[in-house]
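Below you'll find a set of structures to go through.
Below, subunit A partners subunit B and then partners subunit C, in two separate complexes.
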Partner chain A sequence: MKKSKNSKIAEKKRIELLELLKNRGLEIYDDLEKSKFPKFSIPSRSVSNIVYDKKLRQYILGNSTAIRSAGNMSQLRAFTQLVWLAFFANQLLSEQKTSTLRDIYYSSQAFEVDFEDQPESDNIIVDLEAVLARAREDFQIFPEERSSIFGDLTIEYTVPGYEGKRSNLSDHPDGYLIGPSLNTAEFVDTSAELVIAIEKGGLFTRFVEEKVDKKFKAIIVDTAGQAPRSTRYILRRLHIELGLPVVILTDGDVYGEHIAMVIKSGSANAAHLRELTVPDAKWIGVWATDIEKYKLPTIPMTESDIKRIYELQKDPRYQHGNWKKQLEVFLKIKRKAELEAFSKYGLTNITDKYLPQKLELAKSL
Partner chain B sequence: MIEETFHQISPSEFFYRNRDLAGFSNPTRSLYTAVRELVENSLDACDQKGILPDVHLSIKALDSEQPDPKQYVLTVSDNGPGIDPKYVPLAFGTVLYGSKFGLKQSRGMFGLGATMAILYGQITTNKPVTVKSNVDGKTQEEFVLLLDIQKNKPIIQKHTKKDHLKRGLSISIVLEGDYSKAGSKIREYVYQTHLITPYASIKFDGPRKAEDDHQSYLKIIRKMPPPPTIIKPHPYGIDVETLRRMIADTHYQIPTVDNKMIAKVRKELGLQKKNLDVKGILDRAQRRWKNLSRPVRIVIALISFLQMEFDSLSKIRIDDIDVDNKKLTFWDFGESITRTIEMNPSSFYYKQLANTVQGETLTSFLAKRFQRVGLTTAIKFAEFAKLKPEKRIGSLTNEDLVKLTDSLQKFDQFLSPDPGCLAPLGEEPLGRGIMKKFNPEFAAVIQRGASAYSGFPFIIEMGIAYGGNIHSSGIEIYRFANRIPLLYDEGSDVVIKVVNEMDWPRYKVKGDVPLAIFSHICSTRIPYKTVGKENVADRLEIERELRLALQFLARKLSIHMSKRGKVEMAKKRANLYSKYIPLLARFSTKLAGKKKEPDCRQMIKVSEGIEEV
Partner chain C sequence: MKKSKNSKIAEKKRIELLELLKNRGLEIYDDLEKSKFPKFSIPSRSVSNIVYDKKLRQYILGNSTAIRSAGNMSQLRAFTQLVWLAFFANQLLSEQKTSTLRDIYYSSQAFEVDFEDQPESDNIIVDLEAVLARAREDFQIFPEERSSIFGDLTIEYTVPGYEGKRSNLSDHPDGYLIGPSLNTAEFVDTSAELVIAIEKGGLFTRFVEEKVDKKFKAIIVDTAGQAPRSTRYILRRLHIELGLPVVILTDGDVYGEHIAMVIKSGSANAAHLRELTVPDAKWIGVWATDIEKYKLPTIPMTESDIKRIYELQKDPRYQHGNWKKQLEVFLKIKRKAELEAFSKYGLTNITDKYLPQKLELAKSL
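For the complex of A and B:
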């Protein structure tokens, strides 16, 4: 039984962020009082400013910044939108309410800040993340996509109305949705020794049915394809706060390999954020080499699969080791296999045979 | 081989064969074309005599109860020079009778406009045309004419005279037309004619009561452009047929040996009172040869061959002098027979005759009959064309003619055609017309220097206007040629082509903007595609000049557009700031946890004035 070392961490973060927002507000207020055009400096998110940091083992933004100024006519609207968002986030945080990306778009309409569409408001949200160096989840904004989690983990909610209430994530066989309340909950207790992230909902259900959580003392997380940021955030917390190793199981194709890579070391899209990666996570399969080894039924790769391989071969993280090798094998065989392919040898083949072998192998990775 | 038969066609046949080309294809178009032809004749006549035109156009339904198409009385009166009563029946009663075949700028070109309109009227209504002409400001002569379609001859039904003080011509025809369809084009035509002829007053009375059917357009300016002058043709652009005709009328005509001529011969020989025999006459002529005029020398030569003294000479008529075959043919009045005699080629007189009949030398012909050709140039040219400079033009064979025509086009040392004969409208009057029509926010005009296409000089005038009461659905194009508005057949016109091919975005013209373009082509010969005179063919040189003019104007427009852009920008800026700064104040006040919002009025005011940072 481990107790969360970081209790009250969420509350502390909230107070800090409120302070940060207030300071930004003050700066603008003072400028306006002096009839000066307020401005923000925002780390540039252009491709040329995204660099791979070997020490952090993730993509980060370089040093170049862009000034967004109210004095520039073409930036005035975006600047106002950014300040509005800060104002709105401040409100969410103080009232401890959450919001979705879509909510933000509609909420904005009451304030006449003229977002043309949701992609535009989404983009301003990313700007605010960059300005504050905080993930949007920190200021209570969550995407709609949700993935699930299952396993023996007791949590204590911090969201208003549920403060102090506890749940165990193995109580419900469909798993728990990874949403705002889970993200802000404190981890109380767990017997798990491992986290298994799996790309597909179908396999997640199979793993619950096959009691993989018990057999392998694992918390199972469904990433539902490319893992949403809230999921990556939970994975990171499980690893850092509870010290659990994370392994990742994906389809045997180039996209699967990259899903694992993003969980491990982030995506270029979120290069402005630092708290979303699990640098020690391990991709255990399905590897290109497994296709041959386990005689899996395969399907041919498409044009775009192959194009994607060439793209990833330029990424610095794919320049060595197993990552590099698997890409090369994929390119050589030009075929891919899904996780379900193991069903050819019986529905439980994947949990009975493949998983134990791979977990054993992972220890040496 | 099938033998072809040739026969002359009657005017009505001519009309039917050419009605489409000439713009008389249906009652709508015909009414419009008839209006045009008559109004243009009036303006031409005034231009030529330097008279500020007052033209009255009236269209009345014979029976207004009837539905269109129906019979209309079309009357056009002017204050021009009128037509000498002698020529009225000819001018309006025969096809291809016109006074404008010389090379000069005029609206009419073919000598059939008015006659076609009259023919069309007569064919559709069987009613005569009424022409009232007053040439001296004292008497007006009125003709009522029908055309004898078989004989291509006018039949005068009535001819009266009365005292009348106003000079000018009035012509009135009855024709089948469709005003309900043609009306808008006719009104537009009158209006545009007024724009391009700002020194004319035009009064229009249509068949309807509506206000737009009763318009008086007064002169915008009172200064006439100088009247166009007739010029000699330029060598470029001359064709074999024209050249043949020119040579034919330069030929020294065989003199008519009438009493008047005989008197002249007697006088030059000093034989007014005295009769001599043939030998006596020839001797006397030899002694005075140097002082004899050319016609007299020819008569002497004839006397030498005919062996006739003055008396006998007055009883014959010379019919033909065939130099090549050395034959002289004459008609004997006394005996009423044709006689032919041989001429002795070795005789001194034969040479004299041959010279005269065969015409002047090539070089002197070129120098006299063409513009931009002097004797020196003519000699250089002859060398270039591999023709003898002293070659007699009367002795040119068909091959020679073709060679000559050809070389005239190819010789590159002729100066370009003389544009002095052209009468463009001028930048100022054009600009005034544009301002009056559109009251635009921006306008510019240009008159290009003279240029030439195949021997015909031309000048392009162009104007551009933006804003005002111009509609913004595509560029409006107003085309004029020799002061005629061109309203039909836009599709195939060279001006439209040039406008459409412009790279407008380059000149800051994007999307549908309120833009109008005026184009006026002046030339001694507008290259119309049809005799209907509605669209101009795309000659390379004309296209190029149009393009240069348009580019010049578009550059001016683009300067205006960027200025305008700046003003709009400032406006937009002001709007933006007065909207967003208060919002910023509100949000930051909340964020900062303050109660009182900062006062931003000053900021908003300042930001309206500043340039982009």
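For the complex of A and C:
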């Protein structure tokens, strides 16, 4: 049994963040007392300021900043919205209540803070993330996410009413939802030696049924397509806190390859954040080269599949190794295969044959 | 504590269905021995054969049937596909393995049974449902569903490896996924006196946080939009087996009203099935009339919202009472409001004020 290295993480994060918010508030009061217009300096998220950092192995923001000052008529609106959001985030954190992007938009109306529409409030939420260098989930704003997890991992809840209560994530065979409570839970112990992230719920269920968790000592995560942020955060925690290697299984297409890439090194959209990547994660399939090797039934690519390949070929992360090679093979064969395609050889072919072969291969990746 | 009236339901259903499949198979053998071409007689699902049954309070199929005979060249393909699917369903049931619509499509290739594409195999699955008058979930074919449930309900699993194992659905505050294991679990006991189905995950989380389960002795179900079939099946079981009343909360728009209607009386698509409705379920909001009463922030309706109202006004279920009235008011105000709109009056306004008022009102509905 491995013990979590970081106990009381959630509570520590909460206190730190409350402190950060308080300090921001104090700065505003300071400015006002000195008869200065208060302002926020926000790392710029414009395309020209997003750069790939080879050492961190993810996108980060450069040094450009944008100013939101109360002393500038054109910035006053965004400044006010940001101050309100910081106030509201402080309230959510203090009361340990969660909220959603949609809720934030409506909640602002209670305070007569004007947002034109939800995209405007969503954008201010990203501004606050950038100012604090913390994900919105850290200040209790959760999107609706329906991804899930299964395997021998005992967690201890930290949410109000559940403090100290434990669950083992193999207790419910349909999988545990990854939501606010799981995100803030502490990892107590596990017998797992591996994390398998898989793109599709149907396959997740198959893996649970076929006891992949026991046979391969694995925690299984259903990313439900492109992994939502809380799911990427959980994958990172499993890797860092428990030292577990993470492997990723996706459909054999360009979108699958990129799902794996985003888990590994994040997205340009979240370049202002650090806690959502697993740089050591390995994409083990379905590769373009697997399609021929395993004689999988295929579907022809669409125009947009092909366009997407050309786009990714410009991304610095696809310039070498297997990532580059697989894009090239996809482009050559112009066909794709789904994870379910293995069912042609029987429902358990993927767990009996393909998975063990790819896990063995992953050791040398 | 109420005890489930129907214990061992899942196992009983499984045995019955295996028997049904076996009998169908025997009929085919009989025909062959008598040198007759075997055939299936399938209740017709054409629009002209779908009628609303006032007594059952749901859509049902009329008396027209379609024949799939091995002796008719144009029907031979569908006949063969149906026989194969019955064989495969028998295998899934015997081995207690689950599958998905997608998996069925690929699995057929292992047997060289030809399906043009997935819509063709999906259609044959509905044919088998109609032949057996059983939902595909009963023969272990599950779609990917991401709805969830929370509250004091102790269940006992029946899936392989978990037989006899119990969970209480309030143990995981992010909610329990409604999947194959939950669907086939037995309900052991509950202190709940009510089921609240709610359309949105964000509100579901809010309800859990605000302890709606305890304050209102409720089991809370997130339908994640239009309730998937397993979710409707679970709602029906909670109502029938535990005798719990079911109330439904949706967004204040025509789609919300219809989400409630489908939970109550099913859809024309599933007219060949009986186990997916809760005729006594009550839609408690957000009504069109609530929008003004509670001074909710609104959004203008789109053209397609308005078109949908006109469509539903032709549906026999919307010809009277509150269902009719609310459609009329929506059409008059041409605006809609989301559940999150209550956040204008504070995050807990919906649980502190609106919910208790509407639950009180529901007693007289």
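The working rule: the second predicted complex is superposed on the first by the 362 of 365 C-alpha atoms of A that agree within 3 Å, B and C clash if a C-alpha of one lies under 4 Å from a C-alpha of the other, contacts with A are read in each partner's own complex, and residues count from 1 in each chain.
One rule holds in what follows: a residue touches a chain if its C-beta (ideal position, glycine included) is under 8 Å from a C-beta of that chain, and two chains touch if they have at least 3 such contacts.
Just so it is clear, the structure is predicted and the values come from calculations on it, not from any experiment.
K.L.:
Between subunit B (first) and subunit C (second), which, if any, makes contact with A:V47: first, second, both or neither?
P.N.:
A:V47: touches no partner chain.
K.L.:
If you count the residues of subunit A that each partner touches, which comes out higher, subunit B or subunit C?
P.N.:
C
K.L.:
Contact-wise, after the overlay, does A:F87 reach subunit B, subunit C, both or neither (first, second, both, neither)?
P.N.:
first
K.L.:
Identify the partner contact of A:R102: answer first if only subunit B is touched, second if only subunit C is, both if each is, neither if none is.
P.N.:
A:R102: touches subunit C, not subunit B.
K.L.:
After lining up the shared chain so the two structures overlap, which partner does A:E112 touch, if you call subunit B first and subunit C second: first, second, both or neither?
P.N.:
First partner only, subunit B.
K.L.:
What residues on subunit A touch subunit B, complex-wise?
P.N.:
Subunit A residues touching subunit B: 21-22, 24-26, 28-29, 32-33, 35, 37-38, 70-73, 76-77, 79-80, 83-84, 86-87, 90-91, 111-113.
K.L.:
Going by the contact rule at the top, pick out the subunit C residues touching subunit A in the complex.
P.N.:
Those residues of subunit C that touch subunit A are 97-100, 102-103, 105-107, 109-110, 142, 144-146, 148, 157, 159-162, 165, 167, 171-182, 200-202, 205-206, 209, 211, 224, 297, 338, 340-347.
K.L.:
Report the residues of subunit B in contact with subunit A in the complex, numbered from low to high.
P.N.:
The touching residues are 569, 572-573, 576-577, 579-581, 583-585, 587-594, 598-600, 602-603, 606-607, 612-613.
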